[in-house]
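Following this line, the structures themselves.
Same chain, two partners: chain A is paired with chain B first, then with chain C.
Coming up: the complex of A and B.
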């Protein structure tokens, strides 16, 4: 639906083949191929975008397909900016640039690289390190856009089903599906009932205000304990591993929304809630959107710095002396600014990160056939007495981000100030100890620890492991190939739920500061601490609307040869489908009759 | 069916796109696959293989630069897992072979695959015939360079179609020959992908106008 006050898009204003923008754009056969681009630098563009991070790249693609002429630059010689995936050599350079003050809004970068990378066993480019790693929920706005824009065709996705909560000095595997709740021997029947009751509630929580409204201003932990009589272990799993919340104070509605995000994503493509892209996360996705924008007609120029923009003459000047007239807007990432930029929004929030390359495959943490895991350290679970969660995203060699026999550990926290590094170090120590114990051959013959699942796959009994761990003294050390600490600043607080207002402050730029080189420039937001991609589409849409006047035609594009032969499953508008389907899935490790019986018993 | 990724390289306006355009459109009727608007072009060919009774069907996934080569701004994604590359130069532009050489260097740096098939293609052969011969690059010069670098080489005209199909046919044959063992072990790339546990997000795609996500 077009809103009445919507101003015509640039495509509609310009006589072009895209002029029929009231119906979805139809991309002509051989678009981008049949009509080679002009050979010279454009003198006049509609939109200039500086920085090729996620938000900027999605925006560039959306605008290009909408019909705007886009010039997209990045001062770096690589794609990705704040979302880049870098080789070890590039990381070295990046760290130096941060410490030389050349990359604003990053600081305290510390790097150790083993001589085995570069001169020995490994090459720098065997590794792809994300500077803001992300996971993709299977039911999310970005996933829909990836499919719609066909950018997914440039990418390869893998599943991640293993979410661990670190408790009592060990990694507890999440009990997050109905099956797992049923078969979990540790859970008392009463707890199972309560957990089922909560899961049923949370899928349609908005429609049941009588249950949660009285707790609206309280913390989710209080709500789960008082209303659903859940125990600490389940409460922590729900809030921190499933909900991926940052601390115990998270309010009820936000937490419910986040818990549901996980549950509704589960089983969209299979028994897992999230995906990640091979060869690197947002670094790959941003390249994909940039390529899509280029096919849609955008011009790309790496190694190009915007020196100034004059809002009155609409002239943008670059470091190499070239100039371009910008008819509509200049969009800039805060990392791309120059000395006279005076309009950059405040970036008050810190994200502290510790990224390690480890010479261990860490397959003990992955599900069968997978190559990634999430580990969450809830508040108070670490030696440092952490108040905020530490989230760890682990990628193995199957992700093609590191060579076989190695893995990458991405740890991050929303803790502010000096405490943050202590928390990260404590989390690293805990992970180090865990992987040594779990991969140790000392425990191999302990039948209580290695069990066989219904499908014959081995299952590690983490409770038993945890007990054995207490007495276990590792005989070896984890060998670190690389360790990288840094702090990133952002204007986006660690949010509960994505809301456009989170990004509004970035785009208000009507003030005029004399002498500033960036008057009239719209700034994008730096990545937040959020481990999922949830903010990206919303942030891009906020900017799109500022430029085009409405977000109605955001990726409103149909490709000519679109065939609908691959019919997807029916719309999962009924949340319960996602869960109920699992009951019928015999592969999941339990007989149908048994589960039906349980469901009967569980009737709430 | 075997699937290979083929990338195009060469300076702007040497006619990279028109070679592909010619290849893909010309073979329309005979071979069914056509194009994918925003991603890349696909085209299938059949080649005869010695030990096989049936023809081998090869599908090329052809990636055009989409103009990103102009300011040396091609993404690593572009080169990744490429099986073959067409490095195109313009027979009527003297310095375009020099530039093609730098693209060959770039390719050898960026693509890890030792079996990468590189085809050096001189385009605009139609302008090098008859009275108004505009040829600026000698065949012998390019040929010597190709031999030295172990590249396949030919001259074509995208305009008349001369030599274009043969380029893709030789690439197909060479790829089949070099990947035969691997292929027999894996059968095809789809199978390989399944072993890799890749998830096809389009195959079971959720409704794109879904309003039920938490973040909408």
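Coming up: the complex of A and C.
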């Protein structure tokens, strides 16, 4: 059954940037989207995976390419599960299902949708809302796997360079590169020096234990202030915007790891640390991996619920009465369980999310040519007296997730319980006020606020901006097209460093519970609060190892056309093109940068 | 090329590569023999032109063949139209993309531009845009900088107008992007010297003051980068600076540098327990400059700093011992 309410899939869109590529790209079709579902399921498979979220989809592709036969099902009529990108109508249904108790590990869903969506200016399908939005660091395990598996060819990526820290009622833009530090005229000389010293240190902090070991058990804030004499503003930027840590107590090694992640990602593909995928985040990526798995031989079926699995007979029974023998393992997302599942790992941690669609393009927050920004509200920066960070990921129309003139604000916090909603509301209010001020037109003539920098570039003095608007009462209001609030549960704590043990212990219980329908089933982890994709590959590898025995050949994909090196002078594929005068595409056609993995033998 | 990773070859791959290489070497050798033979016998034909190109695509380091190629072009010039010259430019560009650090390719490209059938100002200006793009890709390729100077020279000769101010601004931009861009600092030295000699500064004093701020800023941003220290030394010793500034102003500036460098060195010591050799070296230079100015230094620290240098930078111990000897 083809789902009637959904956005065009990647195969239907056929990204135009590949139209001029040398070998026309084929985006493989996916059953249930472009192709009808298979009439019958196979009788025997190696692995059965239930749920098509990020981890499950990466796992499906890895197993399919390793040679296992995979049956991948989802009880929903769309792909993505916990990673789905949904239209407004799909969100309505999703919220109802949560409140009817049909989607476990989500609760307290509240939704407001303006009548302008559906009956007015906008269509439900104009919007693609991620239920767990993510950003991709350019130096990360997932990115190398995207390249290696060629799944990146189905996707389009865009850069995100603007990271703001909310301080003194305004959004401070980060000063984080050597160049920015060097040319910044506001920074005192000694601060420049201290900041640079820290940035140099953190790039290979592990090799310098003499510097951080004495602080190993202390918080990163103490370390930065005592050892590097950094000021509060820089400390907050480093911990919360660059490191994307959740609170001030984060320990030194964890925080250093996270800060380094940002810095080493900077300038890999250009002057930005992260990418996000157009048309939707994890929803697109998981679908991409499903397509790859399908090419590798996996069978797909939507609208299929696993009712029970018998570990002794190895028989899995589905809601429609069909059966399959599973030779190796059954993998299941906690969202796909049925009534008699008794082995699901505990999901004690809450993530609270508030997602809003606003009728404002928010370009004030984006870098030129970009369409996304991160805003971080450090502890204590909000009216609610927040103890945990609130992270906001903003997507503009350029992301093709919303129509022009609108944007999507994704806010989330790791705060637990009732406080969380208060923090999110306070962050929303701060963002609302801030966008009204910054998009207000009488700003440009104020000489105190707009200054000209060393090379003639405009520098907006955000500190003054904050002060001069302290008393500002906006004349207009932000128009909300949609507001969505929900709580998600996960077994993964807000972590500092991705550690396989985080996922290991959640995967399986060895207990055999009489009457349980899921004895022997391996469980995947619900998405954590982490805003980046960093947990995905580690979590998928843990499961992969449990099934295959080792993770040595995890995505050890050998595409046949990889090694066709021909003899002859015209062949320059042996050398990394030192100078490439092709214009950089905003859309990061990463297809042509594939050689990140393949580099010439000659050092020029 | 900066930032290019070496490729790891597995034993299996290496073996396979050897076999393929052998084939290529054979092919290459016979081609080279043919072309050198043509050169010996002075066969200047379009055919020779084609073969010489093939050799150069294999091996752009073969300068003899580049020379031969130019001889052929000279001889068959009458038969060559605009397309040939444009193709020749495309050919050298394709080669530069692969081998950005081969002198002969850069050399040949300039020759092509000079002998181009339509060697107008326009093609030189176009060339400037191209070289700017190259420098954007790798701002630290000194070939690119050198080549750029050659282009600018031709443009300046033809327009009779100096580009120095724009050029200086370009070095600022490149340095802002990356303080460690030694080529850009070097270019800055060249430009300032020339602009001083040809009297191009509107206000020398203002320029000097700004430059001192710029250096100070750079030194605080990265006190381990040698380009900054080298440039600082050159600038403080540069005759224009001591001539334009009066005795008092110059002394004040030296003192200011001295105290800033002391702050940085102290800070380094507190952080890592080690002295910063660059700071020590510069302190010694400044003290020497002060002495040369006739300033009486009551308790000169140079000896102490040299002693510390020996400890902080033992690799150059003998050089410092020599300096210490000089001090006496």
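Keep this in mind: the second predicted complex is superposed on the first by the 509 of 604 C-alpha atoms of A that agree within 3 Å, B and C clash if a C-alpha of one lies under 4 Å from a C-alpha of the other, contacts with A are read in each partner's own complex, and residues count from 1 in each chain.
Keep this in mind: a contact is a pair of C-beta atoms (placed from the backbone, for glycine too) under 8 Å apart; a residue touches a chain by one contact, two chains touch by 3 or more.
This is a predicted model, so every value here is computed, not measured.
In the superposition on chain A, A:425 makes contact with neither chain B nor chain C.
Of the two partner chains, chain B is the only one that A:300 touches; chain C does not reach it. In the superposed pair of complexes, A:268 makes contact with chain B only, with no contact to chain C. Taking chain A as the reference chain, the count of touched residues is higher for B when chain B and chain C are set side by side.
When both complexes are overlaid on chain A, the residue A:190 reaches chain C alone and has no touch with chain B.
By the document's definition of touching, neither partner reaches A:359: not chain B, not chain C.
Shared contact residues of chain A with chain B and chain C: 568-569, 572, 575. Within the complex, the chain A residues that touch chain B are 27-34, 36-37, 39, 65, 78-79, 137-141, 143-144, 146-154, 156-159, 257-258, 260-261, 264, 268-270, 275, 278-279, 284, 287-288, 290-292, 294-296, 299-304, 369-371, 398, 497-498, 534-535, 537-538, 559-561, 566, 568-569, 571-573, 575.
Remark: chain B residues 12-13, 17-18, 20-21, 24-25, 34-41, 64, 66-68, 70-73, 75-78, 80, 193, 196-199, 201-210, 212-216 touch chain A in the complex. Note for the complex: chain A touches chain C at residues 178-179, 181-183, 189-190, 192-193, 196-197, 200, 211, 227, 454-455, 565, 567-570, 572, 575-581, 598-601, 603-604. Put simply, chain C touches chain A in their complex at residues 1, 4-7, 9, 20, 23-24, 27, 54, 57-58, 96-101, 130, 133-134, 137-138, 172-173, 176-179, 216-218, 220-224, 260, 263-264, 267, 271-272.
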